Structure formats: structure tokens, C-alpha cells
Amino acid sequence: MSQLIHEIKEAARDFLRDGEDRTVIGFEQGSLPLQSRPCFIRKENDLERLVWNGFCKNNLAGYLPKRKGKIAIVVKGCDSRALVELIKENQITRDQLVIIGVACNGMIDRNKIEADMDGESIVDVEEGEDVLTIKGTNSSKVFDRKEYLYDHCKVCTNPVPVIHDILLGQRDSNTPQAPVNDTFSDLEDFSALDGKERWKYFTEEMNKCIRCYACRNACPMCYCPECFVDASRPQWVGKSTDLSDTMIFHLMRAFHLAGRCVGCGACEQACPMGVDIRKLNRRLQKDVMDLFHYKAGCNLEEKTPLATFRTDDSDSFMVEP
Amino acid sequence: MNESGQWKPKIIAFLCNWCSYAGADLAGTSRIQYPPNIRVVRVPCSGRIDPFFILASLQNGLDGVLVSGCHPGECHYLSGNYSARRKFALLKGLLEYVGVEEGRVQFSWVSASEGVRFAKVIEEVTSHIKTLGPAKILVKNIPGGSFDVSAHP
Amino acid sequence: MVYAAEETFACSIDSVTRMADTIRNKGLNRVIVAACTPRTHEPVFQAALREASLNPYLFEFANIREQCSLVHMNEKETATEKAKDLLCVAASRAALLQPLYRISYKIIRSALVIGGGIAGIKAALSLADQGIEVNLIEKNDTLGGLARKIPETLEGEDVQGFVDALIQNAAENSLIHIETNAEFVDFSGYVGNFLSVVKTGKEGALKEIRHGVTIVATGAEELKPREYLYGEDGRVMTLLELDEMIEKDNNSVKNCDAAVFIQCVGSRNDERPYCSRVCCSHSVKNALKLKELKPEMDVYVLYRDMRTYGFKEDYYKKASDQGVIFIRYQPEDPPDIHAIEEKGKSFLRLTATEPMLGYRLEIDADLVCLATASTPPAGNKPLSQMLKVPLNEDGFFMEAHMKLRPVDFATDGIFMCGTAHNPKFIDESIAQAEAAASRAMTILAKDELTAGGPVSQVTTWKCSGCGVCWTVCPYQAISCGEDGISKVNEALCKGCGVCVSSCRSGALDLRGVSNEQTWSAIRALLG
Amino acid sequence: MNSENVKLLNKERLDDFLKVLFRDCIVFGPTRKGNMLLFDRIESIDDIVLGRGNTMNSVKDALFPQKENLFNYRHGDEGTEIQKPSAEEKGMVLFGVRPCDAQGLLLLDKVFGGGQKDPYYIDKRSKVAIIGIACENPDPACFCLALGGGPCSTKGSDLLLIDIGDKYLVKAGTPKGIAFFEEKVFEDADDEALAKASLVEKKAEESMNRAALGEAGIGEALEKRLEKLFDDPIWGEVTESCLGCGVCTYLCPTCHCFDILDETVKSTGERIRIWDSCQFPLFTRQASGFNPRPSSKERFRQRIMHKFCYLPKNENLPGCVGCGRCVTKCPVNLDIREVIKKISLREAT
């Protein structure tokens, strides 16, 4: 780990030395245990702040849209997929970027750990290859790293960045180097439920939502100057926590991410209420794969599926009297 | 609801001006009878249909939504219906996934010469939605909407 | 709602006049008619608004005839409920109607024709005859194109004489400006107002050409095959090369005792699935020529399907009457060819299986002619990208609609003719050239065009420049403007609204069918 | 310590006490929803969850809900009819309130019950009793001490329960609190219990993390400094990572900004009040499209200014109680304590 951090710092250092008006976007230690957070570095002596560990969860690509100047950015597999889509959607240009790719071993879900601490608050953490040792106020516990990863990390099919200028970090042999197709096995059980049960599930989830828009603002692909939910004339979606309004906000947001969502889980990480937002995005990812054979963020040439069409796309869902 | 208090579905139909709307006109001039539950909104092209139109229709308590455009390859705007078809396929899947009953929202191709087909589509969609009953899912209930009239003669 | 009236025949002249008067007298600023279908009658009532000097787009139609009374004849009550709803929808939309204006702009009454083959020249002449100035650009140093290589048609018409005459007429016509050795380098603008940049002459000076319409006539080429020893053995040649040989030295032809034509070389295969249309007739033509030069010559045609269209069938019959032998072969079992030296004689031995008898046949020939595919010029791709018009899978230019708009492109003001579209006979190319010219005249006959009205518009501060609208627009009417923000070209926009429904940030809206109008139409159906 | 406002409650009698509360009142308290601890309405005693740290949402939700119906209306031929929501007759108890949240209510009282009286809030407030519970082990994100509160502070509570093993030491902060002592579930407090309680308090206070805030104090000095730093580049620096979401303000026990809107169906509708957040661009965007707070920089500055400069000035209470919710729940861990520290170290430019 420390070797990796060193390499990240060196890569960043070379970049800063290369010229003026340059920013490194990476991670620094947060103010609480189990928290690393985004940081912006412009001076060489600040490089010491850079860290890399199992808590570098944020998708830093979200800071790129419309940013000026040269940027070196530290990316995981999912973040790099967001980069690809952002470049395709003209939000940033490839030549502005020096991409410091880090092969990712999955990020640890703080909430899952806290839930298993019996209300004891966490004071410190020690991160090993496979286990985490968590020190609480009066006891300490050992957790299996893999068990406590974010759900989206558990189903991640390409933890190794798809584009990068520098690629760092160990890749254990069984992590695929290039994007592979997703099986979406995590959706099977839920899809098997009947409509009423699925509606019940989403009702419970959406009733938790407090409309703070952390999901939207954390999403690297949500960069609209004005979100539909803030629009008036017409005001498509009501602003209150009314179930129907909340549901339509999340449905429409998911739809706007169709073929663009890279599955980085930023939405779910940001949500304070633990709403299962990804359930919607995952389904659309699956449909986009099944219907249009497209996986977001995997190459710079392919058009995003809703910006194009094939004359032989399926009609099977339509009424045939 | 009507005076007799018996439920009659109200279905909104977005028809493209060049094919399906013309098909509906032909059904009319040929006096083909079909259920009176649909309310037509004319749009230039099925490609004009924003998913919001469909969600807003459901939220506002309409019992069904039909979107109809030109057959593939016959779009007056060349590829409008192709772009639309991709949106529709995803939206339909998503809505049914969250629990909107299958058939609550439907899509069809009807050309200007297919008056009979248009009537058939309406028959089918209407009868299907009758079996589903009044829409509940995604419908927004505003207390003011059910303003207690009796309490305020 | 300040005024409502009932009319028995709302569209009759007197009631329309009455409507105009009412609008004027009552100072109405939005008008709704609940009657039949807007598809036929909207213009009638819009005329009334115009008559009353009210913007015609401030009109809304509720179709309670075709889509209500006529289709629910036996359900008075529910039909009436529906009619009320339809009126509510109309009213809610009407409340949000905005006056729309069409801007008119002068058109440049001249044409650019790309390609100086028969189709190109013919189109140019036809336009010039109608008083239109034409710029005719040709990439080679002479006009005439592929036809230059064809001595005469199957029917025996003199092609060269015809082409010479065409070229001379073009050259002498003061309205036609010919540029040879010209290379097309840039293209911009819209119908009535295009700007092309052409690199001309040997020294490659850049020339700007302003024109109102564009005609694509880039022609086709004859495939130079890899198969059948072509290029290795001088006795193997293509149809056009045989044409030339027959023209220039028929002695070496007369020395041949046996000749074999092989059809569908490089066509109707995986690489080029299309039929090249002309080669069957072409082979029959040359087979007859050979028989004419040397009746005792053995002439064979190895074919997959003989496709001598229409009356060309007569020549097929004539050929077989004259002893030309037509032998079928299967694509999976094509003929073999070997150069053989035997007893001091050198010839080409072809072996092929006759599918019906199943016999393996051997033909020794001194001349083998390959009927090769007509292929699109390599230049088509860059040109199609510059003009932003589509090619089909085969690399030929693709029309807007096979039946309804056979010589148009989807983009207004750009047309096509000749073999640029796909392989054709000369007479077909000529017909298409005339067609393209007359389609072009429908624009050039006007002094000005109008644009705008019910088209898309951009709210710039809401646009993120993601570019989805640039790609979904079927007409290339939206493009990247300053600082990456989308801009609509009103002259190209047809108002389909695909861009609007694709725009996530709500930066686009469609005048006349705005999001807000549709929203309130939906709300009008509440309760 | 005067014995009439301190009693003991044997843990075995807690349920009896709660039964009384459920009998007479609507009870809110900490309860589980999925894997989340929320402060919400509680139907039965078994749903109360104690000793699991503080709730995700603050207690303000009970008195100032995220969505509140103000009235229904109908536009008729004879003008507009108004239908007021039927007010709740029963009393209300907020049980298991953390001292920080209880203290937060003191600010809401000033905002909604001060110069401008808000009938909706006041009505609920007049019927509510606040029964707090002390924090035996505060979270690393807590900093209530810096705001004049503490893990065992009674500010804002009518009653405060301090866990001293098999019993609770119960302090009454108000006459309303003292009134509860009528119930026979309470026993008199002895010195041993008081000693235990102060030990709990001491232990809790010592365990609190002071590093993040450092020497920086919250008070007049900070207030003055903030005034000077309004145009300082520091705001750009500290907010570079801010996502501009509403988590910090929506989970905050003192944030109280709201928006009022009408939701209409044809001629009838309801007027509702919903939370709004100074962190949203729409909060200050004007009809012209101009926005005086165009970016996170200005919005975040407003949040800090409001909490530590404007409110202290106008209501002489800070808009923060150190509950730490904004610290733990911020998606990018933008820590308000560190910001205050940076500000107090910043030389005004």
C-alpha cells in the first residue's frame, strides 16, 4: 500500500513540475476514521496529503465537467469509465488530463461496518490485505474486507481503469484487465418478484428519500446546468417528499442515466438515508446491454445508445393487434 | 368516474401527426367504431415524446398511456421513430420493473392508411386497461384534489 | 374564454369570413375550433386569423369529428364527455400559444454539380436550359466519366458521339462553368445558400463557390478484380478493357478461337452483396460483338443468373441464337482457370461444373472476359461526410426515400443522380439526371425561401453541450455553436422534436408543441 | 442539588413510565427503520431503541416536518374556500432526545416563536414535552462542548435521563419536567446516584474528540472574524470539494429554511411548506435568472455566516449545536469543525 501511495505521489509530482496552472485531484485522509476524501493539490509540498486506501470511495470524475486547465486525476476502474463518457459528452478533453489509474480492490462500505459495531463509535481502523481491524471506543473487531465492500464493488466487472496514462497498483491475476460483460446476477432474485412486491420495495425505499439531491450531485454524469427537478414551466416533478414525486424524480434521473451510468455507486455512497438507488440504474444497465449491447464507459468511439439507433432494434414490446 | 359512479378508464394517446393521427382520421372517415376512452394529443413525431409525457400522465391519474407513430422506415422525419423506439423500450421496461402494471403504458406503429388497425389497437389497449382497473401506482394524491365538498356546501 | 359560437358549416367561406370579423371586432388573440381534423382544415381557419391580422399560429384545433363523433356514434353520453375533454386539451394548449414567425431569406439561384460524367453534364445542361447558372466540377482532367470507355450501347447507339455532343454543349453554354482536376475540399450552409470550397487545376488554387442547390453525380467505377489470373495473364480482361480491344485492335480479337465471359466477378458476394445490374447486358453486347467480328468463334458465358432486363432480353435470345453458349455455375463452386502450354499451343483452361447435369466442363479459351462489379468511388466516403448525407452499406449514396423521394437526400437542397446512387444503364442515368434537375428547380424557381415557425430553439444557459441533439437530429439542423453550446439552424429544422425529447437538461424546446403546452394538455385531462 | 428537580428511575420501571406517556401522548423517539436509526413517531414501546448513538435525522422533524400541509383550498364561483388541517388534540412527547438536539430546539423556538410567530410550530411546541437522554459515549464527530452544550446538558430538555447502571438519574430542566415527577415510577435521588451521574458526565466529556476543532472557539471572536473574512479567498479553498447537496442542512437540528408552494388539481389544491436549503442554487435565484449566490463558495459561506455570525447577532444563539451530523454524513467529509479552525487561524486579508 505505502509503495502505491509513493508511486501516486511521484506521478503527481512529475505532473506538477511539467508546467503552470495544474491541479492534481486525488484523495486525502478525512477527519474521521473510515473516511478518505477528495483533495485538490497545486503545490508540490502539499503532495504529502495524498493517500490511497480502502476508503477512497468518491468518484473524482465528478469534479471534471467544464473544468479548465491541466488536471491529473486519480481514478479507479469505475471512475475511469465515467471519464470515458464525460470525454464523449464534451465535458472535458482528453488532452487536459493526465490519468493516474489505480487498479482497485474494491472500496469498503462504512455503513456496513458501523451497522455491525453495536452502536459503539469507531475511533480507529487498520487496513490489511484481506481484513480490517476496527477499534471502537471500548472494544476492537476484525472484519473480512471482501464481506464489507460496497455492493457495486462486489459486482464490479472491471476494477482496472479502462483509460489511463499511468497504471498503478497490484492486480491479482483473477481481476480482468479489460472490461468484461456483466451477468447482472445480483438482479435475478429481485426481478423474479411479482410487480406488487417490487412496487412495495420501491415504495419503502423512496419513502426514505429526503430529496437532498446528494445522489445527483455526487453523480459524475449529472452535470446539467439545471436539473429537470429544479425546472419550472413546466415543473415536471413536485418538490416535496410526496411518494409519487420522489419516485418520478428517481425514475427520471435513472432514465437520464440510461446508457451513461457507469455503475460507480457514487449515488448510493452519498445518500444519507441508504436509499437503494442503484436498483434502478442496474436494471437500465442490463436492458441497455441486452437491447443495445452497450456498456457505458468502455470505449471512446461507440455512440451512447440513446444518441443513436439501429433500424433493426427490437419491436417486440409493441402492440400488434 | 361518470355520473353513474361506474369507473371508465381514461387513456391518453400521443399520436404522431403524419401516420397515427392520420390513421385515426381515416378510422373516423370510414366510420369504424372503437371505445371512447382515449384522449388524443397530437405531436409532430413519436420522436417528440419525452418520457416525462408518459410519467406525467401516470402521475396525474390517467389510467393508461398509448404512444403511436409511423412504422419503422416510414417516419416522416426519417428516423424520429427509431430514436423514439429506443427510449420507449427502456422506459417500458423500467416502469414495469418498479411495478407499473404491464400494459398500462403501450406503444404501437399505425400508418396513415391503417384506420382499421388503429381501431384494433384502441380496442386492445382499452380492454386490457379495463382488466387492470383504475391506475394507482405513481398517481399523485393531493389532499386538496379530494377537497371535502360535502363539508363545504 | 370571451366568446363562443356555433357554426353549422364552420369551414364554409361565409362562416370563415364571419370568424375573421369576430376576431377583429372582439379583439380575440387565441382561437379554438372544435370540428374536424386539423390535417385538412387547419389552413382554412388559419387563413381566417391571417385575414383578421392575427398571427396564424395562435390557433388550436379540437378534432371532435373524425376522432369523436364519427367513431362513437352510438355512445352519445361518453362521446360528449370525450369531446369536452378534447376541448379542455385544446384550451389548455391555446392559453400557452405564442405567435410564431417565419423568416424569409434570398436564395442563391445557382447550382453545384459534383461529377462530370453523363449524369452530371445532363443535369447541368438541363438546369442551364432553365436559366440557372451551374458550376460543374470534375476530378479528372476531362469530362465524360466512365461513358468515355463505352463505344456503344447494347442497342447499338453511339455513346461516344453522344458524350462528345454533351461535352461540347456544356462547354459552349455560358451559364455552365466547368472545373476539371477539381477536388472538393469543404462544404457548409443550407438549402438556398451553400458555400463550397474547391481545389482547382494542377496548381490547386482554392475556389469558393456559392450555390443554392447541390447535385451529387460522382458516378461509379469498374472493379479491377484479384481473381481469375487478372493482371497476371494478358488474355484476361474486364468488360471495358474488351470494349477497348474490340474498338482499337480487332485483329487480336479475330485471332481468338474461343472466348469465355465470367459473370458476377466481385458482385453478389459477401464483400459486395449487390447486383451490378449492367454487366449481364454488357457481356451479351460484347459476346454479340465477338460473334459479329468472327462468327466461328466459340463464345461462352459462365453466369449465375442472367439478368438482361426488359427488352434487353431480346439480345440475350439473339446471342444464344447466334451460338453463344450460356453455362450456369454455382457461387460455392466457381470456375477454375489455368494457363496451359500444350503441344506448342498456349491457352487458358477453364473448368466449371454445370449444376443441372453435374458434369465437369473444360473450356480452352484464348480470351477470358470478366464481368466485374461496378463499385463506388473511394471519394464517396469523404464527400458524404462533408455533405453530411448518407451512403448505403455498399458505399453508394442513399436517397431520402426509395419510393417517395428517389433523387433527394434527407437534407434539403441536395440531390443525386447517375451511378453515384447505384449501378445503372446510361438511359437510366439520364432520366435520373433530368429528375434531379427538376427537383432542384422546385427550389431554384423561387426567389426566396422561408424558415423558422414551429422549430426547435435552445435556451443557451441550460445547454451543457453534451451533443446528444447534434447526433439525433435527422437533418443536421443542430450543431455545436460558440463555447460548445448547441445552436439550431432554422432553415434546416423540420420541427420533429426528437432533439427536445433527447435533451436531458431541458435546453431545447419545440415552438408550437412546447413541453409546457403538452404538460398542461395532460393536466387538462385530470379529474 | 435541589431534590425536587432530580429523581431516580429504576430501569425496570422505565416501561411503566413509557406506558403513561403512550397513554396520554403521541410519542416520538429513536427507532429502527431498516438498517437506519431514525427519530420518528413510535406506536409501541418495543420500537424504542436506546443506546445506539444519535439518530440519522434530528428531532426537528417532529415539530418542523419536511412537508407540512398549511391548508387546502378550492376556487369556486363564490371566491376561494379554505380548509385548515385539523390540529392534533393529544399532547406530544419527544423521548430519548440527545442533549444536542434538545438544545437545537431552543433556536427553533426563537425563529418560529420569537418576533415572528409561526402558528403551526407554536401549536405543536405548546403540546410537546422533551425527554432527553444523556450521551455516555459521544461520537468522534461530536463537538457539543464547543457550543455550550454537553453530553449531559439539560438545555432544551424538560427531563434528562442519565444512565447510571441499573437506574437513570432524571434531571428536570423545566416546570413541565418537574410535573412528570407526579408519576409514582420515580424515586428520590441519593448522593451516590448523583456522584455516579457526574462521573458518567466527566467520562463522556473527557472521551470527546477535540482535535478537529483545536483551540478554535465558537463565539464573539469567531463572529467578528467572519465579518472581516466575507470576501476572503478562504471560501473558495474550503468549498472546492463541496457537491452542493442538501445533506448538511437537512440533517441539521437547527437549519430551518423553508419554501411554500401550492399543489393544484384543477380548481382545488393544497398549500404546503417544505424544507429548503441555502445550499441549493434555486434558493437565491431571482426571477430575472440572476443568482447572487452562484456557486458553492457563496452558498457554503452563507451557511457558516448564518450559523456563527448572523444568528448569534440576531438571536444571540449560534445556529449549531455540535451534533456532528453534517460531519459524518457529508458525502465528501467536508468537516465544519475544520472550516471553523481554518477560519480562526486565518489572518484577515
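So that you can tell them apart, the chains are marked A, B, C and D in the order they are listed, and the count of residues begins at 1 in each.
Everything below uses one rule, namely that a residue touches a chain if its C-beta (ideal position, glycine included) is under 8 Å from a C-beta of that chain, and two chains touch if they have at least 3 such contacts.
No experiment lies behind these values; they were computed from the predicted model shown.
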Between B-D and B-C, the pair with more C-beta contacts: B-C
Between chain B and chain A, distance of the C-alpha-averaged centres to the nearest whole Å: 36
Whole-Å gap between the CA centroids of chain B and chain D: 47
CA centroid of chain A to CA centroid of chain D, Å: 31
In chain D, residues with contacts to at least two other chains: 263, 265-266
Residues of chain A touching at least two other chains: 226, 228, 236, 238, 242, 306
Set of chain C residues in contact with two or more other chains: 461, 472, 502, 515, 519, 526-527
Overall pattern in which the protein chains touch one another (line/ring/star/complete/other): complete
Touch list for chain D against partner chain B, complex: 69, 72-74, 81, 83, 263-266, 268-270
Interface residues, chain A side, partner chain B - complex: 191, 195-196, 198-200, 202, 228, 236, 238, 242, 244-245, 247-248, 251-252, 254-255, 258, 280, 283-284, 287-288, 291-292, 305-306, 309-311, 313-315, 317-321
Chain C-facing residues of chain A, complex: 65, 89-91, 223-228, 231, 233-234, 236, 256, 303-304, 306-308
Residue ranges of chain C in contact with chain B within the complex: 37-39, 63, 65-68, 70-75, 77-79, 81-82, 85-86, 89, 400, 410, 454, 472, 474-475, 494-498, 500-502, 510, 513, 515, 518-519, 521-523, 525-527
Touch list for chain B against partner chain A, complex: 51-52, 55-56, 59, 66, 72-73, 79, 82-83, 85-102, 106-109, 117, 120-121, 123-125, 137-141
